[in-house]
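Before anything else, here is the set of structures, which you'll find just below.
The same subunit A turns up in both complexes below, where it pairs with subunit B and then with subunit C.
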Partner chain A sequence: MTKQPPKTESGNLSVAQTEKFYYDNAIVRAFGFATIAFGIVGMLAGLWAAIQIYYPQSSLGLAPTTFGRMRPLHTNAIIFAFVGNASFAGIYYSLQRLCKSRLFSDRLSWIHFWGWQLIIAAAAITLLMGKTTGKEYAELEWPIDIAITVVWVIFGINMFGTIFKRREKHLYVAIWFYIATWVTVAMLHIVNSFEIPVSFLKSYSWYAGVQDALVQWWYGHNAVAFFLTTPVLGLMYYFLPKAANRPVYSYRLSIIHFWALIFIYIWAGPHHLLYTALPDWAQSLGVVFSIMLIAPSWGGMLNGLFTLRGAWDKVREDPVLKFMVVAITCYGMATFEGPMLSLKSVNAISHFSDWTIAHVHIGGLGWNGFMAFAILYYMIPKMWGTSLYSKKLATNHFWLGTIGIVIYAVPLYWAGFEQSLMWKAFTPEGQLKYQFLETVNSIRPFYILRSVGGAMYLIGAFFMVYNLYKTIRSGVFIANEAAEAAPLIKLPNTKNEYWHRILERKPATMLVLSLIVVALGGLIELIPTFLIKSNIPTIASVKPYTPLELQGRDIYLREGCYTCHSQMIRPFRDEVARYGEYSKAGEFVYDHPFQWGSKRTGPDLAREGGKYPDSWHYNHMYDPSSMSPGSIMPAYSWLLENNLDTGSTAAKIRAMQKLGVPYPEGYANISNKDLMRQADSIAANLKKDKINTASGKEIVALIAYLQRIGRDIKSAPEQVAVSQSNENNK
Partner chain B sequence: MVCLLTLTLTASSFPAFAQDKKVDDALENPVAISLVGIMIFLLLVIIQLANILLTVAKNKLEKEKQNRRGPATIVTFILMILYSVTANAQPEPPVGDTEFSFGNLSATAFYLMISVILIEIVIAIAMLLNIRKMVDTEKQAKPALLKEAIATKKKSLVSWWDRINRFRPIDQDTNIDLGHEYDGIRELDNRLPPWWLYGFYLTIFIGVIYFWRFHVSHSAPLSVEEYEISVSHANEEIKLYLSKKGEDINENTVVLLSSSEDLAAGKAIYLKSCAICHKENGAGEVGPNLTDDYWLHGNDIKDMFRTIRYGVNAMPQWQNSYSNKQIAQVTSFVKSLHGTNPPNAKSPQGKPEAEAMPATADSAVVQNIPTP
Partner chain C sequence: MGVIIILLIVSISIALLFLFAFLWSVKSGQFEDDYSPASRILFDDKTTTQN
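Then we have the complex of A and B:
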């Protein structure tokens, strides 16, 4: 029924002469294989991390494989390696066909490919080594950040080059999404990665405390929006109508939901910081725009699902469509749940709990994973000129994956809800009803179930690997796929053309307009937070970290403590009772980067300083269960062995000075003297409790940092000035 | 439905503001609201199922009448109707009630809601099974009739679906084809689903109201105000509870307890929370020895009570974990350890014990604690 268009816009049909050209499938194949390989790696890392949560010994007691380093590896592998490569594969496949043109430059395509894979390899190695900036989803250190920027620009040149030499007058909606993706990710990555290098693989975030948190979650939230959502929506707009052989449901809906989505998404970042020390007005903006985001997100879902009208019988047959339907449904669920979680009353329960993890995995496993599987099942048989080896196997993959998602998510929702309510429970006498550890132990069974769901999903992915392997064996790869189309010639534009059609002819305008639309929200939220003093009231008693504490803080970052421990006490009765006075904006002014965290697998540490003796921390790091029976924290025994690298102290102090931290002039040169003095006092203190350790060990620095956190306003009269650092531990 | 749910949930993010005691009204409790949401959703599912079941049953009955099969089916039919009646007569959850809280929701209310949800699920499953059973017997009997019945039902469902989305018949697609074509992909000029569009307007409206309430009219509490309200409210409740219970132990009134129950209770607490640092026998390890004559912060029952309750330096505070009665019990137990001379005891810290030693300046360190 779609074959006979009643009206056809002039442009390409009126010209008789067509050109022959070839689509580049080799680059798509490369990105496709990388998708599969890194998908498996990323899921394995996730499964391993999930098992470590209830069975910490499974980290094998090795530093690189503890949860704090596996978790960033998992998130980075899934986001940038799995979904990233899948997006590049799908974009390069669809862009050529939508532009009726081979990619702009084969050389750029391959630089893009190998550059991206090198970045991933470098990321994997550095993350396992503990080289991290300590900012979630932006953990990679500065040389890799620069490499990402370069490769992203190359990708952009290649994409826009292809668009400019297209043989199609207008840009299809998928390409709008690709353009918005490119420009926004560039903006987010560059702004959030401002950091000052200390050494080759160490840097400090340019921003501190509240501002760092705002920039980070402006980035983090929109990494979800513009790396995991918009490119994948673009893929949906190409692969869904192709697979279903149905016209896109509504062009109008495409326009409205595209512009509304990219405009509103940017503002919603602060909903990750509700009830924190972020100024209230910024939090409210985050809430308000999150609520408004429901409709634009659902516009994409509706346009996808309604496109299947009249093709639902095909869904029963075709595994590609099956995957897409569940993916789009998961997208709809996650984008409805997201705004709900942004409501303060819901967020008060969900935040810091496993609820968020469940929510994210509906999006990750359902939307991103299933979309990636769908396009692989679609493209690979086509590029090898054959059909899928086994529809049955693909259907089994589909069911295993779907059930896996349910078994993954439902226990985690339950766990998050239960634990959060336990955190908040008081006895009628006004005491907290549960110790933190009790709440952890009560949800352990759910953690086990979750890993079972994840394992099922992974097994399903192995089915796909086998299925695609057999498919490839049965066909012959078409590296250069022949196509023909008429060249674009200048024709007088139709009068009274719909305004958006004009825009669709002008990719450069589209680029600029997208940038303006996405820049607005960020600017309005970021600039006042940076410039208006009253947003972050200063506290006189808050002093810079001593050199030893600074070194200890870097160990805290290296071990990824922030993946399980928050440093942000929200103004709730239960949190103040459990952890101490709620956190104030002014406390974090020297925190480059901020370490508020987003998950409380372990208790909050914002007022950890002085809570326990030094020897408690020493024993606890060596074997957490000795001090907290039943603890699921891994042991960090290497901290007791490793010598602290004091050679870096001066450079670190100098970098901090450049960032405006008020150490005295020339302090860098004498900083190690203070460092040793404080370390000696801690070692002496440990000795009193029958613990013999050299003062030059990493554990001493970490203890110094842990004993410092949150003390500046806890005991206001106490001086923790730089020069008299040994006062710190009595 | 979705919009409604959004609205309720958004409304819940404006907890009743300010001075009045309405804050813990179950209607504003997010847990209650989500549970009510689930109940309403399940109710809708059940109503829908009941409709289908009724149509199928009616159809079957008519057919059976023609076939004169006997009363068995009539019984099923009545059963069906009964089901749908129960479904439509769901009890509304009771609201209010305090005392025991489950996420600030009274236990009765919580369990009632949960059981309502469970009952709803059971009903839904029972109806599904019934539909299935009927459909199966129908299939064996005469598929054509059944198909017809389902088709009519489906049609009415479909037309309802079409209406709320303003769908146009699929065979008229060509009329709204825009003539765009990209690699074989065409685009239609369908109208926006009205519920989507008005939902969008609604969320914008809600957003404006939200911002206005928090930052213009200040009729909703900001985070810290919300905290202050909740603490003062909780303190009042605790006071009321304690006055009812008649317990007024504090660091000024505490006395040494000697009953075996109190000491046993104290020992249980000691083993759970103290033994990690002070060892099971009080010999000390991370924390000081509790059996010798030396004390850092005094060994008077009142001083010890204060030390345990509010914490000193590295000694954590326990006032948020244990009631004053419990702290008195554990203090008494610790006193009972004195002079037990355990092996491997930690060397002495602090001053030698003296009768009724005054509290040192040290022991008054902790300030920021909101004392109930």
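Then we have the complex of A and C:
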């Protein structure tokens, strides 16, 4: 007996012959296993980094395992390897079933899989080597950026190809989320990754200063939106109804949710730059859209939770639903908190503090992690034709994870709030009440608690590995799952060839083509014109970095200093009192990339230049606690040993010239002469303080850079005033 | 701030792309039935024939 084929939208097709075909489970298994493996790796890296914050010696004193490199490794592993692979697994599983079709091409599926894993491996190696662009969540260097683009296009072809040959006319809402993910991530990645290569694994961001910051956070926030949110929402709309075995609460709401979300999300980025040197109007624009976002976000959350109406008894039984309920609740909390944090008055307190870290981990651990766990617990028994080995163990995983999230997040909220208020406290005499280090030490217990929460979450994940392993052992893998459905018969379109008819027949082609045209044509023409012109400094005293400072800055990037130190003094009384004159947009025109940072685990460095003698920096890098007792900064002793690679200087200067930095013509060839002169003078300076070092060491270059930061406008305050009134915030 | 023009162009073209997709989906009747798609995904197309 053949089952009645499902009715298609056109109604009278139910008589059509059904076709037999097979779903490809092997590719889902591959992505699923990669999810598990990289999830564990990414969480381990996170835990290690978290421990280093209160116990810096745990970095082992090695460059690759020090916080500044571990933290990018952690974020990249979690975002692109863990959540990325989980999304691909879930998308490939659900897309086939929603389209009633095998994936477009097995070969493309496997190129996609291996390409992505190679990218991850390359990312891990290069990040640990310190090869980084210095832009958060976009740290990977240009050859890997190109590989990502290629693999992403392959994923797109495979996905649109599958949608194309579908046997179900209606595109279920989850598919819309997948499409939006693909289109937008492609665009974000391309725009933000514009960089000029210096060598095989070194490049400079095409944009500088304020512009770079804006592009970076336009990317950064939309990466959250379109890499961590929309694909996972798509998964929610498929796997939640399937697991609960009831339709989504309101399909109409899900459609409204989708279109509203994607139209609003893209504008929210500037809320990461409130009170910075970004023009005020751009900040306000970001705030308005961020607040509007609460509507579609909560629409989605409620739609998810209401789907379980009358089925809450199932939640008691089924670990998959348990994970989903907490995931969706965390989504709701994070998307309520997001708009709140976008309010300038709240952001004044939250920004640069651990509050942000707590916020993203509600999203990361709760929403992304728990959704990934849920779909793994759902798909793996199904694909092995068995049932979960132990519901009890999964429930233990659930509770361990949930309590882990609470123990992770609550101390960090507290820490963020407490530290931020301490930063802002003044004595009645009008002096800053606390030294920076005092504020750090006051929140150390919270850092310890946070790592306990993280460890619990990780142990839970190990429970899952064991549980899934036993599940797999008890079943037989169904690599090709048989299914049947009636083919989709195209109605003849003889009458009225409107534009939308043509579009209807080739939606994928149209999307891809217009994207490429817009992206390439528009960008390649516009970027050089706009950017190089707007690099003309508005503050006359701001000069390009010297060759030695430039090299030192690259060491600053390599060691990931920006993961703990900001370079952006906001115009608040306490910040001006603590760090110095607030930052102006014109100061950053030669900063490729910008280094404003997003977190102050250590103090801001925007006016670091000239604050301490050279010898202080030398000793501080060798052993931070010798200069500031109780400091949690790791030691960077290898900088004292390593010789500076001066062979790259000329290429770096030339690259900067291409980006419009006004070094004199032919300066590249003589730049190393200037470099050595400055290095010698710093070495001589150190010698006065009884420190003997060769002038060719990396530490000398780093000192040169640190002593330069923020000094330019100090030397000519009157010019600042003039240029400020002339052209503000260029 | 020249870069804002690029971001606007890019963002607006994405928005227009989605607008086109939205118009297409509405005109082609994707959303005419907002009840059965939600239920349809629950029916797995298990084959009853041997495999």
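Following the convention adopted for this analysis, the second predicted complex is superposed on the first by the 655 of 730 C-alpha atoms of A that agree within 3 Å, B and C clash if a C-alpha of one lies under 4 Å from a C-alpha of the other, contacts with A are read in each partner's own complex, and residues count from 1 in each chain.
We take it that a residue touches a chain if its C-beta (ideal position, glycine included) is under 8 Å from a C-beta of that chain, and two chains touch if they have at least 3 such contacts.
Model, not experiment: these values are computed from the prediction.
Ranking subunit B and subunit C by residues of subunit A touched puts B first.
Contacts of A:L343 after superposition on the shared chain: subunit B is touched, whereas subunit C is not. Using the contact criterion defined above for the overlaid structures, shared-chain residue A:K20 touches subunit C, although it does not reach subunit B.
Once the two complexes are overlaid on the shared chain, A:V248 sits against subunit B and subunit C alike.
By the touch criterion stated above, A:A577 is placed in contact with subunit B alone, subunit C being left untouched. Using the contact criterion defined above for the overlaid structures, shared-chain residue A:I262 touches subunit C, although it does not reach subunit B.
Residue contacts after overlaying the shared chain place A:V210 against subunit C, while subunit B stays out of touching range.
Legend: residue contacts after superposition of the two complexes on their common chain; A:A295 is shown touching subunit B, with no touch to subunit C. In the superposition on chain A, contact is made by A:A282 with subunit C only, not with subunit B. When both complexes are overlaid on chain A, the residue A:M187 reaches subunit C alone and has no touch with subunit B. Subunit A residues 1-2, 6-7, 9, 97-98, 100, 168, 170, 172, 238, 241-242, 247-248, 251-252, 254, 730 lie at the interface with subunit B in one structure and with subunit C in the other.
Contact residues on subunit C toward subunit A in their complex (touch as defined above): 1-7, 9-11, 13-15, 17-18, 20-25, 27-49, 51. The touching residues of subunit A, when paired with subunit C in their complex, are 1-3, 6-7, 9, 20, 97-98, 100, 168, 170-173, 176, 179-180, 183-184, 187, 191, 207, 210-211, 214-215, 218, 238, 241-242, 245-248, 251-252, 254-255, 259, 262-263, 266-267, 279, 282, 482-485, 500, 503-504, 507, 510-511, 514-515, 518-519, 522-523, 526-527, 530-531, 533-534, 729-730. Contacts from subunit A toward subunit B in the complex involve residues 1-2, 4-9, 94, 97-98, 100, 168, 170, 172, 238, 241-242, 247-254, 256, 260, 274-275, 280-281, 283-285, 287-289, 291-292, 294-296, 298-299, 302, 306, 309-310, 336, 339-340, 343-346, 348-349, 420-421, 424-432, 435, 570-573, 576-578, 580-582, 610-616, 619, 626-629, 688-690, 714-715, 730.
Only residues 2, 6, 9-10, 12-13, 15, 28, 30-31, 34, 99-104, 165, 167, 170-171, 173-175, 177-193, 196-197, 199-200, 203-204, 206-208, 210-211, 214-215, 222-224, 226-227, 230-231, 234-235, 237-238, 241-242, 247, 273, 276-277, 285-287, 313-314, 316, 319-324, 346, 349, 365, 368, 370, 372 of subunit B touch subunit A when the two sit together in their complex.
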